Structures are given as C-alpha cells and as structure tokens.
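To keep things clear, I will list the structure first and then write my remarks on it.
Going in written order, the chains are labelled A, B and C, and every chain counts its residues from 1.
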Amino acid sequence: MTTQDRVERKKRNEMLTNLRKQHPERVKISQAKLKEQRSIRKTLQQVLKTKPHTIPQLAEATGLPAHQVLWYISIMKKYGKVVETGLDEDYEYYLYGLTRETE
Amino acid sequence: MKSDKIHVDTLVVGGGIAGMQASLDLANQGHQVALVEHSPSIGGMMIGLSKVFPTLDCCSCITTPKMAATAHHENIQLLTYCEVQSVTRNDDGFSVQVIQKPRYVIEDNCTGCRSCELVCPLDLPDVENEFGRTAHRVIYVPFTTAVPQKAIIDIDSCIFCGKCIKACPADCIDFTQTPQTLRVEARTIILATGFKVTPYDAKKEYGAGNLRNVIDAMMMERLLAPTGPYGRVLRPSDGKLPDSIAYVQCAGSRDETLGVPYCSRVCCMYAIKQAMLISGALPMADVTIYYMDIRTFGKGYEQFYQNAKAMGIEFVKGKVGRIVEDEDQNPIVRVELIDDNSRVAENKHDLVVLSVGMLPGYDTQPIYDVATAKDGFVQIPDSNVAPTVTTQEGIFATGTATGPMDIVDSIITAGAVAAEASAYMHLHSGSPAAPAAD
Amino acid sequence: MPEQSDKSNPPEKELGLAPDPSPEEEPRIGVYVCNCGGNIGDVVNCKQVAEALRNIPNVVTSHSNMFMCSDPGQKLITDDIKEKGINRVVIGACSIFLHEQTFRQAVERAGLNPYLYYHVGLREQDSWVHYNHPEDATEKAIRLMLAGVAKARKMEPLEPVRLQAEKHALVIGGGVAGLRTALDIARSGLKVTLVEKSHFLGGRVAQWERVFPTGETARTLLQRLLEQVQAEPDITIHTGAKVVKTKGYVGNFQIHIRQQPRGIKADFDAVDQAIAACPVEIPDEFNYGLKTRKAIYQPYSGCYPAGPVVDWEHCTHCEKCLEFSHNHDINLDDTPIEFDINVGAVAVATGFRPYEPFPGEMGYGKFPEVITLPQLERLLAADGPTGGKLEWNGRSVRSLAMIHCVGSRQVDDVHQPQPDGQVNNYCSRVCCTATLNAANIIHERLPETRIYDVYTDIRTYGRGHEDYYTLASKNGVTFLRYFVEDIPEVYPAEKGSYYSMLVKVKDQLTWGEEIELPVDLVVLAVGMMPNPVDDLIGLFNITPGNDRFLLEVHPKLSPVETSVVGIVLAGTAQGPMNIQESCTAAAAAASKVVVLLGRGQVEMEPYVAQIDIERCQGNGDCVRVCPQEDAIKLETFSKNGTSFQRAVVTPANCNGCGVCVSTCSHRAIDVLGWRLDDYEAMVDAITAEIPVLEGVPA
C-alpha cells in the first residue's frame, strides 16, 4: 500500500466516522437490523448445511415464522447463496440448499 | 453532466409507457424533449408486469426496448430521480424548477456493475418493486432492466461502513451529494403521471391486508414474472405451490364504499391473463374468477376470454362478501352465487388475488394548476374531440393520468398527445413543427 | 428522387458499379443468445447454445443473456463492438418483427453499419414450436445460430434507399376519425386531402342524439370539429369521392380519385320546392329506413357541405325539379370528374356500419315493433322522423325492452354466420353505454315508460360510463341477464293484448327463471361491423383481421400502422370504438404520418435487386417476370464501339422479391443483403456436424 493510499484510506475512514456521528439514531437502528439479519442468516445456513429443506421445515427447525423464512431464502437466492434443489415428495414445496460457494 | 438550465420544446412528466411513447413520438418529429421521472428508473408500472394481454408478449420484451430507445434518443434528455418543484408560465411557455434528488452515486461514472450491491451488508425490503417480498441492499441498482442502470443509496438506512466505496471500480460513491436544482424551459408540458393501484388493505371484509395469502394483482404480476421475488408462483405465507387460486374481481373498483365508483377497465383482462399464465406455470392448479360482469371489450379481448373458458378456468358470477382464513392460513371466500339461486358458499383456496383497480398516480392540481375531475384523474373538458387537452393551455395529458386504461390505449393516447402538442407548438410559433429535410 | 441510371453517363461507369461481394475486413463475429425472460430459455438451453458457438471460426465472443433487448443487453453488444472490435453481430432472440429496429439502432450507436447484424428467430421458430422437446430445440437453436454465423461472414454494409417524400397526406373517410386525422396532420404543417364517399361529412355521429360521456348533442360536437376543419387552409375536401386507383409507395403514392357531381349549385335558393317536386321516393338511409326521401335530398339541415345533391342512382331524369332551376342551378347532365393527387402517406378512416340483423332475428324485419338501436337514436333525434317523440302506432311508448349484444359476442353453432361463414365473436364495446344512454334519455322524456334492459354483461368500462349504468338503475330500469345459450325470444302477444309484443328471457339474475316481458317496442343493441372496403384492401395491399376490421401491425408496438409502410388506420375502420377512442386513434395516426413525412424524406430497406453487369447477357428474362412496375428494364450500353443490352434496376420500385434472381440463368442478379451465396453458406452450416460439447451444465 502506497503512502497516498494510506492517506486516502484515513480520509475516507474519517469521513465515514463523521457521517455515522451525524446520524446516530438512524445508524443505530440499521446496525441492530444488520445484527438480526446476520444471526438469522447464520441459523438458516447451519440448518441448510445438513440437507436441503422446504420453507415449513426450515421454520420448524429454526422457530421462525414461515413467511419470514421465505423472505430470507428469497434474498439468499437472489444473491446466489441458496438454490432450489427440487420438490418435496408431495410436490407442494420447493427444497432449498446452499450453493457450493456458500457451503 | 446535466447542465442546470435546459431548453426544450416539451417537458414530459412521468416515464411510464405513456410518457416514453409520447417522448419518442415527439422526438421522432424532431422536437426536443426532457422527460422527468421521479423514480430512479423509467418504465412505470409496465416494467413490473409479467406478460401482457392481449398478445401475451413478455412484458420486458415490449418495455425494455422502449426504455432503451427513450434513453438513447438524441432528442430526449432523461431526468430520472427528479421532482418538479414549481411551474411558472412565461411568454414562451413554461419555466419549470426541477429538483434532482441525490443518488449518492455519481451517475455519469456508474456502470451498473453491482459490485457495491454485492458487498453491502444490509438487506432492505424491496418495497418499491417487489412489495417487500424480497430485498435489495442499502446500495442497489433498482432492478435488472432499470434505465439508467445506475446504483442508488437509501441513505436513511446506511450504516456508512464504506464497503461500497472499496468495491466500486469506478470510484463513484459520493456521500456528500445534495439535492440539485435544475431549470427547464419548455414550450409545452405533457402529464403522463400514471396510476397507482387501489389499496388492497382498504376493505376490512377482505382482511384489510392482514391475511398473508390474500394478495393484490400487482403482487401476482411479480410472482409470475421471471425476474420476480421467488422466480415462480409461491404463496407468501409459507412458500407453498398453490393448488387452488381465486380472483376477486372489482376489488377496489365499482365500489361506492371505497369512493371508487368507476370501472378500472383493465382488471377483467389482467385477471384472465394471469389465470392463463398460472395454468401454464402450474398445470395442476385450479383457477376460479369471481366476477359481476366480465368486461373484455377491446380488440381481440372477447376471444381471449372465450379461450380462457375453454382452457378450464372457472368463471363464477358472484358477490364476494368476506374473506377469512383457517388455521393454516388458507383463505376462505364467502360468496353469494348469483347463478345458483344466490346460494352462499364458502370456498377454501390456497391463494386469493384481489383484482384491484386504478387510482390517479399524482395530483396535478397544486403544482400544475391542472384541474382534476371528481374521480381524481386529470380533467379533460372536451373529452370526445380533444381527449388529451387539459384545462391549462399548453399542458396536455396522456395515459392513465387521464383515467384507467390498458397499455394499448396508453400507447395510442401517447401518439395522440404528441400530435396535439406538436400542433400547438406549430400554431404558437409559426415555425414548422417538423424539421426541414436534412 | 432515388438514384436512377442516367443514360447520358458513359456506360463504362455503369459497369464499374458491380459490387465486390467479399467483405474487405476479416469478420469478427459477436454471438448473443437471448433467454427472452424464459420464452426461449425455458426450453432452449441458451448457455449451451452460446457455448457451442464459441469456438467457431470468426466468432470472437459468445454470450447468453436474460433480455438482450434491454438496455444492459444492448450494452453487452455495444461494448463488444467498441472493445473487442466486433464487426458482425448475430443475435438469437424473439421475432425479427419485434426487435430488428431495436438491435439495428444499438449496433449503429456503437458505430457499426446497422446491416451488419443478423437476427435468428429462436422463439417462434424454435422454443414455442418445440416446447415439448427441449434437447432437440437446443440442437436446432445451435444449427440456426451456425447458419446465422455463416451468413454473418458474408454480410456487407448497406445503406437504406432514401426517397423524397411528399409532405402531403390523404385521409379516406370524413367521419369524426377522418376529420380529426386531417386536422392534426394539417395543424403540424403538412397538406391534407380528405376524400369522403358520401356527399356530406360527419359519418355516423351526425345520426345520433346526445352522446356519452359528455352529454352534449352529437351535432354540437360535430359542428365544433367541422368548423376547425373548415378553418384549416391546408385541408382540401372532396365529398362524393372515392379512390379508384393507386400506385407507388411510401412518400410517393399516386392516387386517382373519382368524384360524383352534386348536380346542384351551392347557392340554389329553391331547395324545398325542388325536393317537393321530385316524384321519386326511396327509403332514407340516414334515418335507417324509418322514413323516405327524394332523389334530390339533403340528409339533415345544417349538414356540411350545405345544400342538396342529386342521388344519381335513383334520379329518373324526369326533370320536374328543373322547373325551379334558374341559371342552370340544377344540372342533371353533370358528370363525374377524375383527377390525380400525389401524397406521401394515407390514413384509412372508413368507419363502421351497424350490424344488420337477419330477417326474423329476434323478430326484426317481421314485426315493425322490433327496431335497432341506431333506429331508436333517430326516433329520439329532434330532426328525426318523429321529431324526437318516441311514439309507436300513434301513442307514446309505454314499455320497451332493449336487448344487448345483437350481432356481437356471437358463438359458432348458436348464431347465423355472415356470408363469409364467420360469426361476429367480438364485443362492439359502444353498444352497452349507448343503450343505457338512450334508456336514460327515454326516462327523462317519458318517466312513466317501463324500460327493460336485457344484457349478458354490462360493459360500461370507460371514464364516466359507469355513471350511465348507475343512473339507469336509479331511474328504475329493470335489468335481466341472459346467457348466450338462451337467446331471448321476441314474438307478438295475443291479439287485443294491452301490449303488442312479448320478450321471453331466461333471466340469470332470478336463477334462470323464464320471464315474459310485455312491451310496445323492442330495441336491438346491434354491434359494429366495418364498412366494406374490399376495394381499398386491394388497392393498398392492406389486410383485414379475422373480425374483418383492418389490422394493425402490433397492438402495442405499431397500434395504428398497417403492414404497408405509409398507410395508417384511424377510428372504427380498425375496430369498434366510441367517439373519444376514434379521435384518440386518429390523432395517433396523424402523429405517425407527421413522423414519416415531416422530414420530406423516407427511408426504405436496401434489400433490392442488383445486377452483376459483367455476367448479365441482356436476355431480359428478369424484365419479363418482374411483378413490379418499372423496377427492372433493359438499357443499351456500349463498350469499345459495340453496343449491347444490360438489365438495370430502379431501387425505389424494386420490392426485393427475388423472382428475377431465380430466372437468371447467368447468376447475374442478387438481392442485396440476401445473395444466393449467403443462402448456400447457411444451408451448408445448418446441415454440418455440430460441435460436440463437454462440461456445459444442462
């Protein structure tokens, strides 16, 4: 890293710290949200590591409401963490599994 | 860079299909056009649809090329994520003050590569495009086919972690941006501010929005779109593939109690369309449409309806009085069957879709001083003969800003408004509206 | 004017024109396979197709994408052109009709000649037809794309044929749609000629009483429009006129018009006496036969152009009217005149006619008490046969039934087809609101009269239309609903009954109960059919749809354009519409005309025949088979003192059909952009071994 890079980085970090200071309430709320999202994502990933699950199965395994699980899974799918692996035996629900990269 | 003073022949407000088509028709006649859109992308409601009646073209196939043509036309300037603040009349037409809202991303440099979005840690419900059924990050490109393909930051949710700054290869994150004022001088204005759907939670008889598996038709469009939140039709409560789907027609239209006495004119057709698409996507599913009158009045529309009947979609004439849900969140529709001795039935479905109607997208009264009629849409005093002329001289209106209509009709009124504006400018300047041969 | 061979040029120069079909630069081909949002991608494995094309000679890059036509999709192409030096583009996607222009523009934006892009149809020609065989469809896609690449190698830059355009348009039909079109074209600075076959402007609207949704009288509306048209100096109007012959193409149509004489001078002052003197009496079409008129007539007072005309078909030349004619005010020996005009574009606004029920259909033609909605409009009109009074057999109508969807929304095996074997399976969309409008007018004038409305669906869809339905309900109109399987029956009541007619309805609103309605009058809400325009269809080569109305190219992409460039549609010639919709469509049509002609120049595809003058032996087979006028001819050239004949093409007149190519035994003709060599290369590519694929995920 060149000196110039270092100076840039320092300036950037100062600016970000300042911005955080300017909007303490908003940042606090978002950080709390982030924490919650991270923990839920982690829980879901742990369950999915064992084998693909349907939404109700995930809900049961994690204790989260099914609609919330669906929300997380849709996002993880959108950003390439999760894929559909097929249907359950009753052809009612899709099974979701981790992508290779996420495993 | 956008210059802060722009001179054009026409300012078009609203970048839905009507606004885009009006801009293109005028620009192709040689007029200079500025198109103001208050969302980050043009495309309007149409870009959110799945496939469109009556031709069942994939909606993106019709909309995205129009969006690209609008963006690349040499006579059109796009002002996305902009808001008109004030309009004053002067000798040459109008002087319009426009606020460019900050994206916190340098628009000219952003390539839409999404590197920032991929590293941003926080998910936000995508309320703007997906009814919150999925999410985007705090920094995001609105959707895959957005025009312009530029990232935007939801500053209120940003934690200023700086990951995007590091990830951006074009160095275009700029937290210091503030709203900018532009001035547009235009000889004419076209209002193409579109519609919004009637709120699906307005009717407490239909669950007031509290039943997870009662959704509105616009949400169903997203479920049917290949780019939608799940990439397929799943019901929102638990991701089940629905086996039995019901449509409730006129949910939000032709209903005095909601203050919407008029017919929204597209809901019959889009419900039939969606039913057909569902039959394609879920061949085993049953689709029932509860209706009062089926209004398939357009060119080829009656055939569309007859085809749907032949496909096995069930049309039931009945008044839906109430929707409740059972312990598994299956909606139960209580319906008075008019064709069957007014017998009241309670039918269980996996998913119920409310065929919501259309409300005006924007009130043109305060800023433009353009009168609206009692239905809230732009008033057209001589609606038979001059269907795009408003109460204000030099200001014209098109598309669903002038009342409910479908895409075909929106496109036709857009052609009409271009003719009207062009003629007006020709008349009020003496200079030929069409440029001389080159 | 287009480039034409100029005989004064030294012939050697002509010989130099022979093209060099081999492209100068090494082809660097970019291949793009579109998923079409699943339309293609759900069947064809687009990734695999793109992969298979990757290692083909000359292919520099190969991608698949969700939507090639979107902005990011187009950017992929433009970036490749700029960054990877791509100079030929092959896109496998939807239909060429949808997006050829889109992709041409993208390619051009990146600095490449737009004709260096080739479109392979993978949707209509592949995924949609082979949806049950995804693997075969994928193989077919690969073969089609390979053929595309083979063609791309041979593509050459082309320029569109540019032609001067007349800044003058023809509008056919003088109803509200035609008037609106003429007005809007003229107001944007072009000249307009309007041709109306009857002797009066205004079309059907002149016949109606009060129009929805504004509630004004039809005549005031028409008056307003006509005044604007009259005030427009750039509009020339010919009434009593028809187009009888046409020639040419967009920018340059020659139109031959025949105009019937009026037979009477405009300032003739003894109109009433002359009409009274005429002994001929025939059913008056303006009043749908509810009264008669003479062979000298004017449809209504205040019509435009004002003044009566002679009905040449029915005039017996008895000369009784001449008694009142001074200074040759009436000229019974007047003859039609014929003349030509040159226009750049044509708007067809020939309108509709009401459906005519078959004799006996719901009692029509059998019982005088059964009339149509247009006839009812005439009975309600102040200048109608009854002066606006709704009377029947000398007394006010006490009870009437109005039956919807007569001649509309018909189904096979239930309804009697038209002479062409087809039933009218479309909704006429105007009749519901028009019926309720009439019901409300009747209620206003005769509050005691009972009105039954017998419908299938009430389609008051438009802005303000639902109010007519609500008001009719408030007015006490009784609604009954029938299913198409149980069409209402109309028959006379027993002699001496209080009401003379009965209508039997199986009413779905009262659970299928059979109800007999006793009435004085039965009104059939007849639908719309297009005015017969077979002559124009033939003259202009335009097409009607299954419903017989004239057909647009695409309801969303080209909603008022026909498949013939330069010919647009306005109003009910295209399909049922109300006044507002007719005027809107008319204005949109005007807009397209202004776009086309405003620049004074039009562009046409460069796919025209081209002669290889070295090979041409001048035997003239091509000239004999060419179906176009003046497209190809033999001209005399000389070289080194000997003179000989060679074929010469006039690009503006050639439509690129290629008939000449197939007759030339010397292979001296090719259609530019589509040379015989191209076809051969494509066929070879389609039938060749296809590349083996490994490791591509299915």
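As a working rule, contacts are C-beta pairs under 8 Å (C-beta built on N, C-alpha and C of every residue); 3 or more make two chains touch, one makes a residue touch a chain.
Predicted model only: the values in this text are computed from it and were never measured.
Viewed as a network of touching protein chains, the structure reduces to a simple linear path.
Top contact pair of chains, counted by C-beta pairs, is B-C. Summarising the inter-chain layout, the chain whose CA centre lies farthest from the centre of chain A is C. Centroids of chain A and chain B (each the mean of its C-alpha atoms) stand 30 Å apart.
Here the CA centre of chain A is 55 Å from the CA centre of chain C. Against chain C, in their complex, chain B makes its touches with residues 25, 28-30, 52, 54-55, 57-58, 60-62, 64-65, 67-69, 71-72, 112, 144-149, 225-227, 254, 261-263, 265, 293-303, 306, 317, 338-342, 375, 377, 382-388, 402-404, 407-409, 411-420, 422-423, 426-427, 432-438.
Those residues of chain B that touch chain A in the shared complex are 118, 121-123, 125, 133-135, 138, 156-162, 165, 175, 212, 229-232, 234, 236-241, 243. The residues of chain A lying in touch with chain B in their complex are 12-13, 15-16, 19-20, 23, 26-27, 30-31, 33-34, 37-38, 54-56, 59, 66-67, 69-71, 73-75, 77-79, 87, 91-94.
Those residues of chain C that touch chain B in the shared complex are 36-39, 66-67, 69-75, 94, 98-99, 102, 105-106, 109, 176, 180, 184, 187-190, 211, 213-214, 216, 221, 224-225, 409, 411, 425-427, 429, 457-467, 470, 508-509, 511-512, 547, 549, 554-557, 559-560, 574-576, 579-581, 583-592, 594-595, 597-601.
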